[in-house]
Structure formats: structure tokens, C-alpha cells
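What follows is chain A paired twice: with chain B in the first complex and chain C in the second.
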Partner chain A sequence: MDLTSFLVQALIGLYKGSLYWILALGLVLIFGVVRVINFAHAAFYVTGSYLMYTFYTYTSNFIVSLIIAMIITGALGAIVEITIIRRVYKLETIYQLLATFGVALIANEAQKLIWGKGVVYISIPETLSRGVNLGGITINYYMALIVVTGLLLFIATIVFMNYTITGLRTRAVWRDPVMSEALGINTRLIYTLVFFTGTALAGLGGALTVPLISVGPGLADYLIVTAFIIVVIAGLGSITGAYIVAILVGVFSSILVLIVPELDIVILYIIAALILLFRPHGLFGER
Partner chain B sequence: MSVDRRDFIKILGAGAAGLVVGAVLGWATKPSEVQEITRTVTVTTPGVVERRLPKATVKIGVLGIRSGLWSTYGEFIEQGARLATEEINARGGILGSRVELVFRDEQADVVKQARELVDVENVDFIVGIDSSGNALRVGGIVDELGKIVIVTHAATHRLTEELVFKEGKKLIFRSSVPVYQDGILAAYIAKDLPVRKWAGINGDYEFGRVSWELFTKTLKTLRPDVEFVTAHWPKFGTEDFTPFISALLASDAEALHTSIWAIELVTLQRQLTAMGGYKKFKAVISTLGYSMDVVYALGAGYPTAELGTWVSARYMWLYPPTKINREFVDRFKARWGRLPAYSAETTYSAIYMLKAALENAVSLDPDAVVKALEGLVILTPAGVRWIRPEDHQAVYETPYGRITHKGAEVPLLEDLKAVPAMLYYRHPPFT
Partner chain C sequence: MYMLRRLRALIDGNIIALLLLIGLLGLISFTGHRFYMYIATLIMIFGIFAMGYNILFGYAGLLSFGHGLFFGVGAYSVALFTLNVYRDPLVGVLFSIPIALLTSIIVGILTLKHGRVYFAILTLALSMIFWSALIKLRWLTGGSDGLVGIPKRGVLVDLSAPTVFYYFTLVFFAAIMLGLYMLNKSRYGLLLRALGTNEDRLPFLGYSTFTLRMIALTISGVVSALAGALYAVFYSVVTPDVAYWTFGAEPLVMSLIGGSSYFLGPLVGAIIFVSLTTTVARFAEYWMLLLGAALIAMILFFRGGLLGFLESLAGRFKLGVYLRWRF
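Let's look at the complex of A and B:
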């Protein structure tokens, strides 16, 4: 095993980690602020993929399709928050889980009705399909775009949360919703806004990945597991933690594929189980 | 090389001879009712004792994956079952009895669904089942169910070798070729390719593991000079293969074997192409690469390796070039708007297997129908099927071919290689 193979595997891991991060970001935001574990998150992610497929097929404009897919997915998220999730905020967690799980099931079936049961995908835009050849392995520019997008999203989220007035209000609601409401913050609006943002980010993630992976009904069932593992290891509600853990998990599991092919993903579950046992609030979560 | 070429010609010759012998034997030994499936009619002649089944309706329960990422496969099973049933009913049913289908999702606890089909829906037979795990679960309770189950997709060899042959569960049959095609037959194709170092990427579950094991074992016997340099095992439901592909490309393998299937195979092929896999691997063997969902999804972008992207399936619409197959493909396309997927054909033929057996047995008694099915030789779209009495496995041929693009509706195949089924099927006592 030479150094180049190792480096390539780490780079692939960086790309995989960035994908995990984009998937996990909305989940962390929604849990942090709204305190709902959104089982439907991956279903919104897949909705973003399908919307991207449809708009790109008709417009052939990558950027426009990406933005439309993101906004529509966010709008669907806001509608779900207003009509369903809002009604279960004050109920026990189990009702929230059931409600979001129900949304996921409805989304899966709706996707099947609209887009059929077949496999859909789009091609990587021409300019980004080229790449760098490292030891016979092509790392295309699109993979680099995913890494850069992930990093930009991280920076943007941190800046938004810490340096804008809406971010300040969001953090206030995150910390203490009752006190925030007493101070005149419209918590209901913040919840809807966060749900919109969280699901729009899921839509963006889904739209970005459709040139790389193939999409079919029920894909969300598999993606949600990975997203939850990241969030569990990081600690529910920790944005920086989720980014670091997503990247580490991506790189670590990718390198494991090369050196111990038999282990790879199993190791993730073992780490998640150990974290749950010894640090139930996660590596970066607050008690 | 000359030895390889001789071997290659021998196999082709044997394949052709096998086909001819099979076809002739099939024609000579098949019961008169199934000489031409598409023309099967039930005639009631005045003055002759009527041969009738004890019920006016024969109910067949159909199990398939109808939800989630693999739900296309349940749809294929449904399409095959519906087409066969519509044809049979349009020609007067089976000995005057109408055929009725009841569909259930095998993803929703297959044992519960099978029990409900029997206890609540009162079905007489069960066909279908996509997943090997589900086939074994239903197989485990088949004696309690007391109904014949014809598996039309699940590929685990344990179903027929262990449950039927070793444990004597005589109510289980299978109309589709098992994992022998993904492992042993793939090795017969690989042995003629001028490459020595192989890598594998197969699913981390029984089907994937057994495919690779049979492939490596057989190929090593056929070509002792080959080496297996690396093997990777993505889990079921892998949406992104990039770390596996980069690890494969880091090895010094010259060719790749994969039994990854359905949506996962579409992603694998696309990512393999994007990452330069088709520049490195001179040949790729994709054992279920000609499954129609994959063929339609990849379309003109189906990658071709220097020495060929060799693909197969448990039935392929373009083989064999017989009248019965051509007519089946035309009717299927007219009915469903697409070319038939393999499990559509295997389910279609399973229902005709039942029809032939019922017409022989003139009874719905499971034991009588089992007897009629054992040893049955029937001409179906996939060719002559012989239901081997010992393990109740349908024996028939399915070839491999190289993907080629000729501007047709879907990618086509060239250099079709048919190996006699008796060569790549395992045989009782399966030691």
C-alpha cells in the first residue's frame, strides 16, 4: 500500500464526510432549536434529489435547478412544520417521532407516485466531470465542489448564528424558548424559519448528490441511519461537533475500506454504541 | 492462448449442442398441453369425461418487494404474474377454472404475509419472493403452510440444496436460476479472458459472499494461473461506492467481478466510470448487469471495458431467439410498455409451470401437484425448463454477453456465450 493510495482514500473520505455533513446539518439545526428529532429529514433530502432531477432535465441549468430544488424542499418543510409538527411540540417525544416518521412514509409514497419506482440521476456538469488523476484514480472537480460547499455551509451557519440578529434570536430560542417568548421573540416564526432552513439544507444536499449517486424511492431509509450516527457521535444539537465528526467519520471509514475491507462501516456502529454508553450526550453535546 | 481458444470453442460447441439436445429433448418429452405455451387451450369435448379442478377459481398468492428502494422488483414479479394470468383466463383458465392473483409485500414481515395468504386469502399456491432471506423464511414454514411455493427470484442455493434436497421440503420449487449463474457461470466466462488478476466487489450478505466464493473456486479450477488480489463487501443499501472503488483501483487487478444489482449497480457503474475504473479494468463481469432496470437506467451511458463488460441476468429478453420468446417479449411490451425484466419472465413461467402441472394432476392436492411438477419439461420464453426432481430447481440456460451500443432502445449484447446448464449448475448430492 503506497502513500498515494492512502492520500486518495483520505481525499475520498473528505468528500464522503462532506456529504454526511450536509445531510446531518439540517437535522442538528432542527433538533437544536425546535427540539424535534426529524425522522423525515432524509425524505426531504431525497425530495431535493428528485426535484433537482426534474428541473435539471427540463432546464439543463445546474445552478437554477439547485436553487429551485432547495427552495421548494424548504417550503415543503415549512408547510409540514405549520400543519403537522407544530401540533406535537408540547407532546412527548414519542409523538414527535411518530409524526415525523409518518411524514417520511407519506413522502416516500408520494415520491413513488410522482417519479415512479425506477432509478433516476443526472450527469455531472461537463466542466466538473474532469478531474485530477492520482495513481490511476480520477478525483473529479465535482467531488471537490462538495467538499468546498460543505465547508462554506459550515462557515455560513456559524456566521449566521453568531453575527446576525436572526441568528441571535435563534440562539436565544435554542437556549430558552420560554424566556425568549417572554422577551418578545416570535418563537413560532423562529421554529418555522429553522424548519424551512433545515429542510432546505436537506434539499440542497439531495440536489447536490444526484449527479453522483442514483436515486430511488426509499433511499431515505438508508441515508437517515448514517445521518443519525453522525449526530449521535457528535451530540444532538452541536453544529461544530457535527461537522468535525462527519469529516472524521468520512475519512476514517474510507481509509478502513482500504486497509481492513472487512470492517469499514461496522466500526461506525461500534463507535456510536460506545459513545452512547460512556458519553450519552455525544462528543460535543452539552449535558 | 491456443488452449484457451480451444476451450472457448469447446464451450461454444458444447453450448450449441446442449441447446439443440435440450430443445429436442424438451420437445420430445414435454406433455402435449405445454407444447406451445402461447397456444395452450382447454377444450371440452362432448361425450368425454370432463377434466375439471375442484374449484372454479385457482388463487395464487404473489409475494414480492413492493416498498422501498427495491420495489421495482416487486413490480416486475407482478407484471409477469398478471400477463400470464390474463393470457390463461382469456383462453378459458386452467381446466375451466379462472386464475386469481393476490399480491402482498414481502417487506412487511414475509412470514406473516405468507400465513395470511394461506389462512385469510385461501390461496392455493404462492409464487414470487425477491429476497434470499425471505425465501428461506417462507421455506422454513412451507410444511405448515401446506401449499406449493414457487420462488421466482431469490437466488440462494440453500433454498433448493438444503431445504428441498437435504431436508425434504417438497413443497418448494424455483423457476429462476440460483447463484450458480453469478458464481460458477461467471467463472466460465472469465476463464477465456486474457487477464490473470481479478478483484471483486460483492454485497456483504449471503448472496454476494456465495457469488464471489463460487466464482473464485471455479475459476481457480478452470484457470489455475489466476490470482484474486482484493475483495470488497459494501453493505446492503450502499448509496455511494467511491471509497470501495478507490480501494479497488489501488490494487493491481486487471478485471472486476461483481454481483451488485439494481439501483446499487447503477451507482457502482457510474462511479466506476467517473473514477477511471474503465481505464484500469480490461474486463468487467457484472452478473446481473442485464437486469432491465439497470439497462434502462444506464442506457447509452452503459460503460464498456476494453475486453468487454460481460453481463447476464436470470433471463434476458433477447435470448433465446425463439418464436415463443419473441412473442412473449412483444406481448409483454404491448402490455407494460417496456421490455421484460428477468423476474417478470421467471414469474410468468412459474404460473405456466403450475398450469401444466394442474392439467396433468387434475387436482389441487399439493402432493399430486408436486408429483406433476417434478421432472416437468416445459418450453418457456427463457427456453426449455426442466424441473429437476431431486431439488425442484428449474434447469435452463442463460448466457452472458458483452454490452454494445447500436442505437437501439436499450444497450444490446454481442458475443453471447451460452454454457450448457448442466455444466454450471451444481448437482445432487451437492457435496
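Let's look at the complex of A and C:
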């Protein structure tokens, strides 16, 4: 194994990790603030992908369709929160999980109904598909775009949470919803907003994935597990942790694939199981 | 006199309903109707699966998304054992018990020490590890094609006639259901339910939550694996699909439909679920959409499931004395 292929693999890992991060971000936000494990998160992610596919094939404008897909997915998320999730806040955790599971079932099936059972795919926009050739593998600008988007999202989230008044309110609700409400913060509004943001981020992630993976039924079932694993390794509710873990897992697994190719998909699960055995609350979890 | 009192304590609405159901299932075999027997066999297999699942979900309050793992372990241990070691379905099914026991203990050690949310996610991850291992270990498990040709006709028993296999399943079904009923009535059944009701109090009473959870998981795992073993023999084929987490979520849906806080809830759910999937799903392609909607409606409006609904109806019309569904 030479150094170039090692480095290339690390770069690919960086980009894979960024994708994991965008997938996990909304989940972390929603769990952190709303305290609901959103089983439908991957379903929203895939919804974003499908919307991107539709709008891109009609408008062939990448940025515009990206934004539309993101906003519509977020709006769907907000609708789900207002009509369903809001009613189960007071119930046990299990019922909250199950309610979102029901949403996921509906979303997956509705997608089959609207977009058919086949896979959909769009090609990477002309300007972004060019790239640099490194040791036989082309690293294109699209991959770079994803890494940059991931980093920007991380910075934006941190800045929003720590340096804006809405962020302060959100953190207050995150820490102690009852006290926040007593202090006059509209917790309901914050919950809906967080749900909107979380699912919109999922939609953005999904939209960014369409040019890379062909999207079809069953993808959400697979992605939700990946997202959960990232979040669990990081520790539920830790944003910085999720970013670091997503990138590390991405890089680590793509380098490991170079050494033991046959482990491919198993690696992620094994890493998760090992870490949880020794650090039950994740690497960056509180408690 | 004492024995009589013990016996009376054991008898309630559940056991009567259960015996009636077993009798009814026995009668179906006399009709000799292929399709009815097919549905009844599936009901028994998924009934076992859902009842096993509900030990963990309804009793101990632990939500598992990885029961496809246990089902898959049962199915694959029968397949591998009968194809490679000893060609007999009965021995194969019995062989799956110790394997499932071992698996449950390993899974328990890995998952039970953390909270309930972690349990849900960890079981999901473990079942996915198992699923991807089944796909990757092509030389052993046949990869995504699975294993074919699991024998119904063995050295000791010959189950190749549909009626014989039907009775074979019925015997397992009856034995497991009566066993679970005894568990439900026993002191341990009470302790397991205490786990779901108020876990924090158990240590004060001198019980270890971990041990009790482990017992619940082991029973649940072994029963689910037996369902998987019967399933593998029934179809003579086993594919990795049975270990995928969406398959493992089916008993959860069954338990919810029937009513997870009732002893017979999962069984009622299995009857409804299997009847629907084998009949309606043929005509309505997108029936999962309805299932999702039904699931949400049940969580929002009647969390007791069908049995809970019936009980509230009985309460409204003052029939509670006659319908003793409760534990």
C-alpha cells in the first residue's frame, strides 16, 4: 500500500464523513432540543433527494432546486411536528419513537407511490464534475463542495447556538424546558422551529446525495441505521461530537477498507459496538 | 383443596381463549384446505414471534428494533445444522435453542446496561451487523441468495406432508403459548412486568434490574429464534431479509395492534397482521401506508390496541365481569 492511495482514501473518507455529518446533524438537533428520537429522519433525507430529482429535472438549476427541496422538506417536517409529534411529547419515549416510526412507514410508502419503485439519479452539474486526478482516482469538485458544505454547516450551527438570541433560547429549552417556559420562552415555537431546521437539513443532505447515489426504496431504512450509529458513537445530543465522529468514522472506515476490503459495511457497526461497550454514553456524551 | 385453589388461580380468560384458539387451529387441519392451512401456519409462526417479542416490549418495556437478529439466528442455525451436520428438521429446530440462548446472552451483555433509547438503537445496530455478516460470509451463508433446500424429510421425522408439518408447528405453538402463560402467571412474570412499570423501585426490593432484563431478553430471544427456525423449515429457504431490521419491526407492529399490555395482545395482532398481509396486501399494493397511518392513530388515540379498545367497550357496557382479559 503506497502513500498516495492512502491519502486518496483519506480524502474520500473526509467526503464520506461529511455526508454522514449532514445526515446526522438534524437528528442530533432534534434529539438534543426536542428529546425525540426521530426515526423518520432518513425518510425526510430521502424525501429531499426525490424533491431534488424532480426540481432539477424540470429547472436544471442546481442551486435553486437545492433550496426548494430543502424548504419543502423542512415544511413537511414542521407539519409532522404540529400534527403528530407535538401530541406525544408527554408520553413515554417508546411511544415517541413509535410515532416517528409510523411517519417513516408512511413517508417511505408515499415516496414509492409518487416516484415509483425504480431508482432515480441525476448527474453532477458540468462545472462541478471536473476534478483533480490523484493516483488513478478522480477527486472532483463536487466532493470538495460537500466537504465545504459540511464544515460551513458545522460553523453555522455553532455560531447560531452560541452567538444569537434565538440560539440562546434554544439552548435554554435544551437544558430545561420547564424553566424556559416559566421565563417566557415560547417552547412550542422553538420545538417547531427546531423540527423545521432539522428536517430541512436532512432535506439538504438528501438533495446533495442524489448525484452520488441512485435513490430508491429501501435507502431510508439503510441510512437511518448509519445516522443512529454516528449519533450514538458521538453521544446523543452532542453537535461537536457528531461532527468529529462523523469525519473520523468516514476517514477511518475508508482507510480500513483499503486494508481489509471484505469488511466494507460491517466496519461501522463493529466500531459502534466496541465504543459503546467501553463508553456507554458515547465519546462526547454527557452523563 | 390447596391444589384446587392453585388450579383455580391459574385459570382465567386468557387460558380459555388460548385453548379455544389451539382447538380451532387443530380443526383447520381437518378441512384440508391448503390456503387456510398456509395462513394458519403463518399465524402460528408469527404469533410465536410476536409473543416472544412482547416479553421484552410489553413486559419489560424495552423497545427492540433488532428482533430480526434472533429470528435470523433461529432460521440460519436450522438451515446450517440440517444442511451440514445432521439432516433432520426436528433436531435442527431444537438445536436452534442453545444457539439462541448464547446469542441472547451476548446481545444482553452488549445492550442492557444502558438506557432504553440506547437499547433500541443498539439492537438495531447489532441486527444490522448480523445482516451484513450474512451477506458478506458467502461461503457459509450463501450471501444474499440465502440457503436453499432445508429438508422437511429428515432422519427422525418426515414433515413433507402439509398436514404433518401443520401439526408439528401446532405442537410447538401450543407448548410455547402454554409456557408463556405459565410464565405470565408466575412470580417471574410479575417481576418482568414490574420492570416495565417501575424499574427504579426494583433495586429497592432487592432485585437486580440487569438480571431481570437479561432473563426477559433470553426468553424473548429463544422464543423468537424458535419462530425463525419453524419459518425456515416451513419455507425450506432462508434469506438475509429475515435479519433486516424492518422484518424485526413486524412483531412490534403486531404487539401494538393487538395491545402490548395484554397477554394475548401480540397473538391477536399476529392474527390480524398475517390475515391482512396475505389477503389485502395482494390487492392493495401500498398497504404499508395504511399501516403507518393506523400505527400513528393507535399511538395517539388507543394505545391499548384492539384488546384495550374491547376492554373499554366492555367497561362502557358494564361487561367487565364477563370479559376478564386483563393479566
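Everything below uses one rule, namely that the second predicted complex is superposed on the first by the 285 of 287 C-alpha atoms of A that agree within 3 Å, B and C clash if a C-alpha of one lies under 4 Å from a C-alpha of the other, contacts with A are read in each partner's own complex, and residues count from 1 in each chain.
Methods note: contacts are C-beta pairs under 8 Å (C-beta built on N, C-alpha and C of every residue); 3 or more make two chains touch, one makes a residue touch a chain.
Remember, it's a predicted structure, so these values are computed and weren't measured experimentally.
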Superposition on chain A - do chain B and chain C clash or fit: clash
Chain B versus chain C as contact partner of A:I79, first or second or both or neither: neither
Which of chain B and chain C A:D221 touches, first, second, both or neither: both
Chain B versus chain C as contact partner of A:S5, first or second or both or neither: first
Touched partner set for A:I71, first chain B, second chain C, both or neither: neither
First, second, both or neither for A:K112, with chain B first and chain C second: both
When the two complexes are fitted on chain A, the stretch of chain B hitting chain C, from 133-141, 331-339 or 349-357: 133-141
On chain A, positions contacted by chain B and by chain C: 108, 112, 221, 262, 264-265
Of all residues in chain C, those that touch chain A in their complex: 61, 63, 110, 113-114, 116-118, 120-122, 124-126, 128-129, 132-133, 136, 244-246, 249, 252, 256, 286, 288-289, 291-293, 295-296, 299-300, 303
Residue numbers on chain A that touch chain B, as the complex places them: 1, 5, 8-9, 12-13, 15-16, 19, 108, 112, 117-121, 123-124, 129, 133, 135-140, 143, 209, 212-214, 216-219, 221-223, 253-254, 257-258, 261-262, 264-265
Footprint of chain A on chain B - complex, ascending: 67-72, 75, 230-233, 235, 237-240, 242-247, 249-250, 262-263, 266-267, 270-271, 274-276, 279-280, 293-294, 296-297, 301
Contact footprint of chain C on chain A as seen in their complex: 37, 84, 87-88, 91-95, 97-99, 101-106, 108-110, 112-113, 221, 225, 228-229, 232, 236, 262-266, 269-270, 272-273, 276-277, 280-281
